[in-house]
Amino acid sequence: MANCEAEGCALGRALRMGMVGGGRGSFIGAVHRRAATLDGGVELVAGAFATTLERSRSMGRELRLPDERVYGTWQEMLEGEAARPAEERLDFVAVITPNDTHYPIARAFLEAGVHVVCDKPMTTTLADARALVGVVEATGLVFALTHNYSAYPMVKQARHMVQHGQLGRVQKVVIEYPQAWLLRKIEDEGHKQAVWRTDPRRAGAAGCMGDIGTHAEQLGRYITGLEIDEICADLTTFVPGRQLEDDGAVLIHYVGGARGILYASQICTGAENGLAIHVYGTEGAVAWRQEAPNHLHFWSAEGPEHILKRGGSDLCPSARRASRVPGGHPEGFVEAFANIYRNATDTMRARLCGREPAALELDFPTVYDGARGVYFVEKVVESARSQQKWLPARWA
Amino acid sequence: MANCEAEGCALGRALRMGMVGGGRGSFIGAVHRRAATLDGGVELVAGAFATTLERSRSMGRELRLPDERVYGTWQEMLEGEAARPAEERLDFVAVITPNDTHYPIARAFLEAGVHVVCDKPMTTTLADARALVGVVEATGLVFALTHNYSAYPMVKQARHMVQHGQLGRVQKVVIEYPQAWLLRKIEDEGHKQAVWRTDPRRAGAAGCMGDIGTHAEQLGRYITGLEIDEICADLTTFVPGRQLEDDGAVLIHYVGGARGILYASQICTGAENGLAIHVYGTEGAVAWRQEAPNHLHFWSAEGPEHILKRGGSDLCPSARRASRVPGGHPEGFVEAFANIYRNATDTMRARLCGREPAALELDFPTVYDGARGVYFVEKVVESARSQQKWLPARWA
Amino acid sequence: MANCEAEGCALGRALRMGMVGGGRGSFIGAVHRRAATLDGGVELVAGAFATTLERSRSMGRELRLPDERVYGTWQEMLEGEAARPAEERLDFVAVITPNDTHYPIARAFLEAGVHVVCDKPMTTTLADARALVGVVEATGLVFALTHNYSAYPMVKQARHMVQHGQLGRVQKVVIEYPQAWLLRKIEDEGHKQAVWRTDPRRAGAAGCMGDIGTHAEQLGRYITGLEIDEICADLTTFVPGRQLEDDGAVLIHYVGGARGILYASQICTGAENGLAIHVYGTEGAVAWRQEAPNHLHFWSAEGPEHILKRGGSDLCPSARRASRVPGGHPEGFVEAFANIYRNATDTMRARLCGREPAALELDFPTVYDGARGVYFVEKVVESARSQQKWLPARWA
Amino acid sequence: MANCEAEGCALGRALRMGMVGGGRGSFIGAVHRRAATLDGGVELVAGAFATTLERSRSMGRELRLPDERVYGTWQEMLEGEAARPAEERLDFVAVITPNDTHYPIARAFLEAGVHVVCDKPMTTTLADARALVGVVEATGLVFALTHNYSAYPMVKQARHMVQHGQLGRVQKVVIEYPQAWLLRKIEDEGHKQAVWRTDPRRAGAAGCMGDIGTHAEQLGRYITGLEIDEICADLTTFVPGRQLEDDGAVLIHYVGGARGILYASQICTGAENGLAIHVYGTEGAVAWRQEAPNHLHFWSAEGPEHILKRGGSDLCPSARRASRVPGGHPEGFVEAFANIYRNATDTMRARLCGREPAALELDFPTVYDGARGVYFVEKVVESARSQQKWLPARWA
């Protein structure tokens, strides 16, 4: 359960969560609700789930929220909730809307003193991303970005192994992310997700690379700690008439000489959600696949392949903390997602209790990760349009 | 969300759940809580989590329950909750205690008008099991047994395929269930689970076969629908001084001529939770492994191997209902467990609303499954002790 | 290349092989020829490939043998070859015929001073098997039985690990062997293999258990070194009108207390050649599957799963010797088969050169393995017919 | 057996093969010998195995060749063999030497009327490659290049499925080829293969891309039939002091708009011989891994994943012809290699018999494939050195 780690936590209550977006038909909205409440430390108390009051209310009733705490717009929610008694006010808001609205919503809630959990990519422009960094720094509030794939226990174990030298110096990183769901032009058939994700006004400058390329970039950075030096990108739109790319590949030169290949595609027939990473170092290598997330493959320069498994007593503290049931009892997507919520809300609790959050609690993607993701997208788009082979893309 | 399927469900509230057992250190207690609340339709309101008031209260506080609804014994809880106003009373109780206490607890709550979700094996004797059947029939209440493995979506799909003839006539069934956790005599080191699971007074006549053999038996029956005719069992205690068997194998003659092999063992070094089933029919075969639960392998008599995947649009309604996120986003143990709760509580809701539960809602293990499991254990123990090769074991 | 290990081997020539059986349409005949010649130390010089001279000659011509060394019966071949000059005479004969003819053919060639490589099961009766042991002992010649599955490198590695204590004391052995090829009554459609393998006069007292059950038994014995104490068998004929069983399961009590489950079936829809073994010891476990033969899975009581791979420098000498190409370059069925030939013919060479064969060369199944296989089949059939649960089956 | 398909083949004998290279310590030399003779249609009769007569003779004796047909140089062999009676002369020569010698050797034998089987990459310069094309065209002889990976049955099946529209229009191709063997600077320790493969004078302009990148390129072209339009390559030398790259990645624009990613690396810790390909089309996708070569994964745009298996009756004629044993009996590297020899030598036989080779026989990599591979290497090296992003690389 996600209580304060400290004995005698002064809070002694669930955190109060509001939600913007995540209405009917939003698969990820239900994931956020399950993930937030999985460990018992969070209560959903308010929402602006849809863009009409009627649809928002309908969702709110399904969730058994009182009508008075369900709103037709996030602005009304911000105002309405601020007007409630202190003991009812939101501790944090989850922002689960199309990309173009993340920035104004997150900014407004932060400025109102509300912590934020936000979907990725963080914003549609780098200017917005940098501005949001400023807001978070100014308010000192928690801002967590739901790069959920880096929250799987065995990903944390991989990172631990890199950090503790079990791979030696990392030389080569291969990250693949094939999906199939945009193989047909389903945005023309009214598929809600597809409509906004292929619309540059709502999704931003990139389609596939914004949606899943950012996950791939963040996963690689989380595990390896490597900084990108320069990139060479190729973006393609396979489906005729689609406004944003549905396929992309990036060659990467990392600072220090490592090499990377990252590709993401949403027209890969037969693929489901095939995020996978392979990290090769001078002394060892690891490989992990999101669709079999309870295993981490490890090779030392000599000797047999090892399969490390979630639940093993030999795992690092961060991986153990991110795991809820014994090995052999598969954990999946919702638990990984919940790990973001757990660490972010434990950090909020620490703040509310006036203590320093522990390093293990601070292990969630932040506004800086968000800004770097947006920067990556911008550079990828710039590189793809350029005849120059290598585009400097070092974050500063 | 687990509301009434019917439009305008009169209930409009979460079901109130009490819990007996599931205190600190109980891995399965936390699983029950997460599973029960995963879909938002259940609220934990009371508990007798441990065998002292102090430890029970400690758990209750972690769960943010008011002290007044946390009890030192289930009897006190039964009494205390019955004395509360009708709008606060328990809708159902989850029984998560050692096997020998299932019967008295379940009986008492049922007789008090409270629905029951109960851990397996249902009772330690067949007499108790049959008595409990009588109580359930007399009260007309819902009794759900947490044979969670049969609640995975792809298991439901396998059952659907058998029922719809895609395997032809089933001829051969192989069910394996290797675990390793009792390889050492950890009951001597105070391992809580091990202490009672190896104690015949608390676990019943069988150890391994009661704990996981019953899961294997129920999984096979759920998928194939086959009835056991006669069995030939071999039970072994590998760890010296252990009172109950830690390994067992059963040859099965099914009614109609199919053949089965079922083994369960808790001394299988390196195994985690290796439940797996292979069903061979005259026209097709399926195979499923609990540790990779999102896939179902299917072979027709001709042609290539197929891998059916959770989330696929080609799955049966029961499998689709048992799934929460798209394919490629792994679901696991907690979701399967939650499927028992969802169907059982939807059935309770239907009853509370005065409507007939739908077939899809009634898809959860019942008191009859529990009785058959206990019968299976008794027959296996009897067969293992007998010099007679084939012991009639047809349920009647 | 399969020369004498000793420097300056006096032989300096390929061994001359004759073949009985293995005519057109015999898949295993071609396997024997490829396996025998794969390492360059054997030359096929004569054959009685079929039961008419015409068909035998046709095969011989395809193989570019001179007509004069191709015969219509094995008796003619025995006589004809004996009449040739010493420098042309057969060193050994490969016997690739239905089971009922193995004994007379092998006996006759041995008595004529010709080494023998013989298909399994060795004979159709235990009396013949014991007689053949006598002949081999009396002649002192090499007799190798083609239990090829135990000749895979990673099987040798598994055996090495058991022998060297990496598994501790073996407690549990599970051997499975599902196939599908007899799912339909193809013996009625003239399928050559099926015709004789389902005919008790030619195949012996068992069908499936003789054909593949003996492989399973030998594989288990080879790896574990365990001796069977008593068995409890169940044989079933699923296909109506078939004369021999097409499915069998055996529970095993090994001397010393280990437990075994062995099943073999030829009606397992979708299966190909699914021989697999899992050996669980007190300190470690191994698992191997014939269809992925280049890998051996190993678990210690603590720590992660290991995958040992053919070609690894950490393998035992016997496994390394049985491997021809580096890891990652898959070896398969033919190479395993060739390992029997290599070791058997190197042993023959040693004899011909008057030196003691090395232990590594003597690593092939012998007439004693053959006799034990036939004994196993007889006991399985006896047990299956008996109402007695446990049938003593200790080899003496 | 690899006889003429035509009834009454006039040849009626094994083809006589000579070998240049493939001495002791050459793993691939033994592979060539096994592959050439696996199907019984080829006899090794002469060789220049090493660069001194003594070492060549030593190898020849191990192979039981008469000293008179073993030579110290290929020039002596060419001359010596040409001087023998017609009925002893070489039908073809296998060239298994470092890259820089392929051209002069192949040219000389072709000009002497001897068919050639040659290792890849074909030559070290494009000029040599084009010259060799001219020689082959002028002589009309068979020239086969041992791109053995495209000779696996399931690769042929993949190609068949692309050609027959089961994938629709191919949009995306991902080819990966990780190895680990050059992770350390073993060329400094005298590792024979490493010494010449990292020496530009002997290996050519590229290291890793020449050695295995050419396999990857040819595999992709064989399956998809796609033509490269332009490329963007990145080559890296990770091991300090090494003269040629040990890692490379290439982005590909195919003619018609498909996109490709190809990477090959020899510093991928833990990898063995990890060649794999994934081809995504508008209607289906296939995936194949060299280390599990008996399976081909197929996805249609709708429906479950299929696993097609070698030995299946549903495979294309080319795949069936390339397979020797039933499904479930694993075939591997040697069989794939032998498929090159079988088709190439059957084509030679057809020529010798004066008939047109069948399409199935002509299915082996030719001098044109070799030239394209060398062209690919040259363009990759050129692109890697260029600041221009996309380098035109269309073969003409």
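As written, the chains take the letters A, B, C and D, and residue 1 is the first residue of each chain.
The rule is short, and it goes like this: a residue touches a chain if its C-beta (ideal position, glycine included) is under 8 Å from a C-beta of that chain, and two chains touch if they have at least 3 such contacts.
In this text, all values refer to a predicted model and were calculated from it rather than measured experimentally.
Undergrad: Report back the single chain whose CA centre is most distant from the CA centre of chain D.
TA: Of all chains, B has its centre farthest from that of chain D.
Undergrad: Across the interfaces A-D and A-C, which one involves more C-beta pairs in contact?
TA: A-D
Undergrad: Rounded to a whole Å, what is the gap between the Cα centroids of chain C and chain D?
TA: Each chain's C-alpha centroid was found; their separation is 34 Å.
Undergrad: At what distance in angstrom does the C-alpha mean of chain D lie from that of chain A?
TA: 45
Undergrad: So, what's the distance in Å between the C-alpha centres of chain C and chain A?
TA: Spacing between the chain centres: roughly 56 Å.
Undergrad: For chain D, write out the residues touching at least two other chains, lowest number first.
TA: Residues 271, 298, 305, 309 of chain D each touch two or more of the other chains.
Undergrad: So in the complex, the part of chain C that touches chain A is made up of which residues?
TA: 298, 302-309, 312-314
Undergrad: In the complex formed with chain D, which residues of chain A make contact?
TA: 167, 171-172, 174, 176, 178, 180, 183, 232, 234, 236, 238, 247, 249, 251, 253, 257, 259, 261, 263, 265, 267-271, 278, 280-285, 298-301, 305, 386-390
Undergrad: Quick check on the complex: what are the chain C residues that touch chain D?
TA: It comes out as residues 1, 3, 12-14, 27, 30-31, 33-34, 37-40, 62-64, 179, 271-274, 290-294, 309, 311, 324-335.
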